[in-house]
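Here chain A shows up in two complexes: once beside chain B, once beside chain C.
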Partner chain A sequence: MTPGSTNSQGRQLAALSAPAVLFTVAMIAFPVVYTIWLGFHAFSSTGEASFAGGANYAALVADGEFWNGLYVTFALYALSMVLQLVAGIYLAMLLFHSKRLSGLLRSLLISPFMMPPVVAGMMWLVILDPSLGAANYILVSLGLPASEWLASPTWVIPTIALIDTWQWAPYVALIVLGGLQSLPPSVYEAAQIDGASPFRIFRRITLPLLLPTIVTAAVLRSVDLLRFFDIIYITTQGGPGNASNTLNIYGFRVGFEFFNIGYASALMITLSAIVLAAVLVLNRLRNAVAW
Partner chain B sequence: MNDHSSPRWVHWLNTLQLTVAGILILAPTVWMVLSSFKPSFEVTAYPPTLFFQPTFENYVTLWQTTPFLSYAVNSFVVTIGSTLLGLAFGIPAAFAVSWSRITWPAVLTLAARMAPGTLFLLPWYIMFREVGLIGSYTALILSHAVITMPIVIWVLLPFFDNIPRSVFEAAQMDGCSVTRILWRIALPLVGSGVAVASILAFVFSWNFFLFSLILSNSDTKTLIAAAFNFVGEGSTQWGSLMAAATLIALPPLALAILVQRWLVAGLTLGAVKG
Partner chain C sequence: MLKNRSIPAVVLSVLLAGTATSAFAFDWKAHEGETVSFLANNNPWSQAVLSYKDEFTALTGINLRVDSYQEQQMRQRLVTVLNSGSDEIDVFMTLASREGQQFAASGWYADLSAYTQGSVAPEYDFAGVSPALVKAATFDGKLTSIPLNLEGPLLYYRTDIFEKCGLAKPASLDDVRAAAEKIKECDAGVTPFASRGLKPAIAYTFSNVLHNMGGTYIVDGKSALCAPAGQKAIAWYGDLMREYGPPGAANYSFYQISALYRSGRAAMAFESSNELRTIMEGGERLNDTDVIPLPAGEAGTVPTAIGWGLAISSRSARKDAAWYFVQWASSPEMQKRLALQGVASPRASVAAEEEYKAWIAEAPVRASWQAALGVLASDGSSEVGYPIIANPESRDYIGQAVQDVLLGQRSVEEACAAADSALDGLIARK
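And now, the complex of A and B:
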């Protein structure tokens, strides 16, 4: 091949990815820069922009609703993450020790997370209705106290975390199962010959070897959990009061319900920085546990 | 590790736990479908009933009281349009990234999938309003292509990577251009990848809520955005609410089950080989 043809090959390849790159720049890069610009401006009632410096960010620090949003975002994130990792790993171990994964079982496992989150929200809204829902009927029948679920400021975060766990723990399980299946069987055999108990094998061998897979699942879920929107907006819209008002919901409402464009932009930039930081930290962690 | 050495009761205990987990996963969806077929006076009965005379009453009510069909048409137009656009941009990009090993275009599109949608929704709203496209299919399809394009690229990458280089080199010797190799040689070899990518793109575009909530109007509202109104109006109309929920969930679930075997590897964006 002559150098000339390599050159033209490079040009042809660049031309093939150009539409995707240009589309991303037009739809994402430019709007993000625009949002950053908006975040440094104030808008009059007629929509005229004036430079405001860091005023929007200063307002953010003084805004109790922002700190509440930050707390709700991280409480929901931590609780959902722990619940779905534990449930997902548990489910993956069960699947791993049973027979081959049948098509029927796999269909059952993917059904929660392939369903629109909005539909999941509608469905659970009916099941968790405090007075007529099936969930409270089951609790009361078992002699347990009924719960206010989504209507209770105390229970709304755990309830939303449970709904999200119902939807996404099977996804975590399928990822972890993939990791389990790729582990070399020889490590178990050696441990079994040494007479280690199943629990010890799990803690000392399986879990450490699985860590890279688990962290991968955590990264994929983090991105969704930090910008949690659909289920909250369909069920509580941030309520009761502001008990489930995550940063994403709050930013959305400031922008599209109160039309405070500058302030909403500052909120969204802050949330995006948090998502970016979380992904970077978790990627670091993934490299640290890689083997 | 299907250890045949473990005692029988261990096997039964495992099956029992798996059954309980399966019931927990399936029960809410079954309850939704059951409720949609209940007579309206029985949907809100307390204690809830498990056995009843099934009826299509709720579906008829939904049909008569809401423009359900036009919402569904909107959803299909936006979803299919954005899936096609995602394929048109994504297939050549995935091929180029796989061939050249220059990965930044793929990473760039992924960043779009990771950022909170609200981050670009505000500028989009301003930009689309400027050019009079608020409420248009164009705005909805463009915004949803931001979801579909990275899915197409990342699902197809491993498929293109699996084609032996010698195939391309032989074609180049015969004087084929890179573009011609993509359409005539590589694409026919990754047919199943394109199928999985299309279905995943369809599902995630169909399910996406935020963009149509803001960028659609009453004529172009998608089912998912309309669902928000159903919840507001339907606080006592559980039957038709669950009928709507069932119908909205049907297309993505049916499609996903069709390709369930290849789905998981695609969903992790290549992070795990399933």
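And now, the complex of A and C:
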């Protein structure tokens, strides 16, 4: 094949794929560009847009609810991430070492994250109802004090983090399990010959070797956790008070309940920038720990 | 010749001519073959009415394309479509007390006044629709929607528990509080009082308390939650829920309240008239419950009365055909059918129907429910939250003030001052 014919083929391929590529790029770019445009505009009660410059972004800085939303978003992110990584790694180890049960256990583990979040939210809302729910019934039966769970400003974030962990820790476990299965057995054999204890093997060999896989799981969960919406909306709508009002919930309510589209767009662009920054940082971390 | 006739004869002939015109000129098949799109809130009204939609198509020849969502999702889609200027939606359900001012100011509603006066079937009887609800759906002289139901919060209470604790039917807001106190001592197994505690949902029930106390949301252009009546209302509601409400009251909305009361775990529930059917499911509460409007405060009884409405989009390219659907769905016959399924009608005439009377007579609680609805229809106020364009946002600040007191996080004075400050900003916003 001559260089000329390769170039010709390349041009043909580019021409053939251009419509699909352009359509895909437009589908991705249009909502983002439109939201950025909305964020720089104010809307009158009759829906007329006027250029507002950076007024919506300046208002964010002065808005106490924005800072509360930022705090809630990061608190929920940090707590859920830690819980899901710890539980996910533990479950993966359990599955890895209980090979006979793994088929059944894997099927059971998949079920929570196959469940639509709205269904999961409704189910936990019923279980955690302080008066009628099973959670308090069990606590009281064991002689423990009942909790207000989602209705307590103090406990609402840990409770939502636990619900999300119930749903997504198995997902982390399956990713980590894949990583565990690809680790070189020779390293373990050498460590066992040297008489290393199981805990020491886990801490000094398994965990460092698994780090790239764990960071990959963290990246995937970060995107979801920073724009966490459905379960919170179903269970608390951001309450009690504003105790679970994440930026995503706040932005949704400002846009679709209070009809302030310009300000809501500014909130969403800010949140998107945060998600993007978090993914970039974690990607760098993943490259740094790759082996 | 006109001059040879008496004036009453002329008037009579004009009236008869009008009747004859609407009786004979109206043609249900005038828009045969057209398609009308309907965006519905998936609530008991739409569920019931859509079960008859084949009858509508058979009657008119109009195809009905239905998109049905839960309330918030429906509103989200509606705002997106209307904001973009699309004619995709012809008819939609709307809550005038909540978004009426906003949507009217945005020009999203078609004016239905002319339709109700001209293009109506002889049996339609628009004059029979609750004047209070028609007024609540009228903005700047334009009729924005046709009322579909009548609803408002009512006090459901357990007659057996009241009897056991030696209590009479509460006649005032003070009586409600005194009853809650007594029940707490007398029957530790039940929650004395349950009402809405979820922040965005509080305004619906709180507004009734405020109005009974003699309060109103705006005085001289300023937010008035810190006026004496406002403070009393916040204290009454917040303290009652904190001291005698269910655990986790701050997350309570209609779902939790109905479930708690139906299960026999609450002595009083202040919840929507629409919840009667849910509360009575299973029949356990059928014979031990009475339903009354919220008892009087210093200003008497001013119940909250609102209703969903059916609106036509101003962007619709098929308004005439859309009106046929609105008319069919809000007709006396359809509203009677829905009333038999527990959807309270905005037409007083439905209560006089034999079938409906027989349904009411089946259980005493239905009779008291119907009587309470009568009070809502005659004395009700549709002011739920601030009567401003930013009404939905105002409900959030009302809810926050009440929740602050309910959770014991602020005093009444601090809570109302914070809310008034934010609400003054909303009132000033154009």
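Points worth noting:
As a working rule, the second predicted complex is superposed on the first by the 260 of 291 C-alpha atoms of A that agree within 3 Å, B and C clash if a C-alpha of one lies under 4 Å from a C-alpha of the other, contacts with A are read in each partner's own complex, and residues count from 1 in each chain.
Everything that follows uses one rule, which is that a contact is a pair of C-beta atoms (placed from the backbone, for glycine too) under 8 Å apart; a residue touches a chain by one contact, two chains touch by 3 or more.
For clarity, every value in this text was computed on a predicted model and none was experimentally measured.
With both complexes brought onto chain A, simultaneous placement of chain B and chain C is prevented by a clash. In the superposed pair of complexes, A:107 makes contact with chain B only, with no contact to chain C. Contacts of A:132 after superposition: both chain B and chain C are touched. Shared-chain residue A:146: touches chain C; no touch with chain B.
Number of chain A residues touched is higher for B, counting chain B against chain C.
Contact with chain B, but none with chain C, is seen for A:188 once the two complexes are overlaid on the shared chain. Of the two partner chains, chain B and chain C are each touched by A:256. Once the two structures sit on top of each other via chain A, chain B runs into chain C at 73-81, and not at any other stretch of 1-9, 19-27, 55-63 or 73-81. Contacts of chain A with chain B, set against its contacts with chain C after fitting on chain A, overlap at residues 131-132, 256, 261. Listed in rising order, the residues of chain B touching chain A in the complex are 1-2, 14-15, 17-18, 21-22, 24-26, 28-29, 31-32, 35, 44, 46-48, 88-90, 92-93, 95-97, 99-100, 102, 105, 108-109, 111-127, 142-143, 145-146, 149, 153, 172, 177-179, 182, 203, 206-207, 209-210, 213-214, 224, 227-228, 230-231, 238, 241-242, 244-245, 248-249, 252-253, 256-257, 260-261, 263-265, 267-269, 271-274. Only residues 72, 75-76, 79, 83, 102, 105-107, 191, 197-200, 246-252, 256, 259-260, 263, 265, 389-390, 392-393, 396, 400, 403-404, 407, 409, 430 of chain C touch chain A when the two sit together in their complex. Interface residues of chain A facing chain C in the complex, by the touch rule stated above, are 44-47, 129-132, 136, 146, 148-153, 235-242, 253, 256-261. Taken together, the chain A residues at the contact with chain B in this complex read 1, 9-10, 12-17, 19-21, 23-24, 27-28, 30-32, 34-35, 38, 91, 94-99, 103, 105-112, 114-119, 121-127, 131-134, 137, 166, 170-171, 174-175, 178-179, 182, 185, 188, 213, 216, 219-220, 223, 226-227, 229-230, 233-234, 248, 251-252, 255-256, 261, 264-265, 268-269, 271-272, 275, 279.
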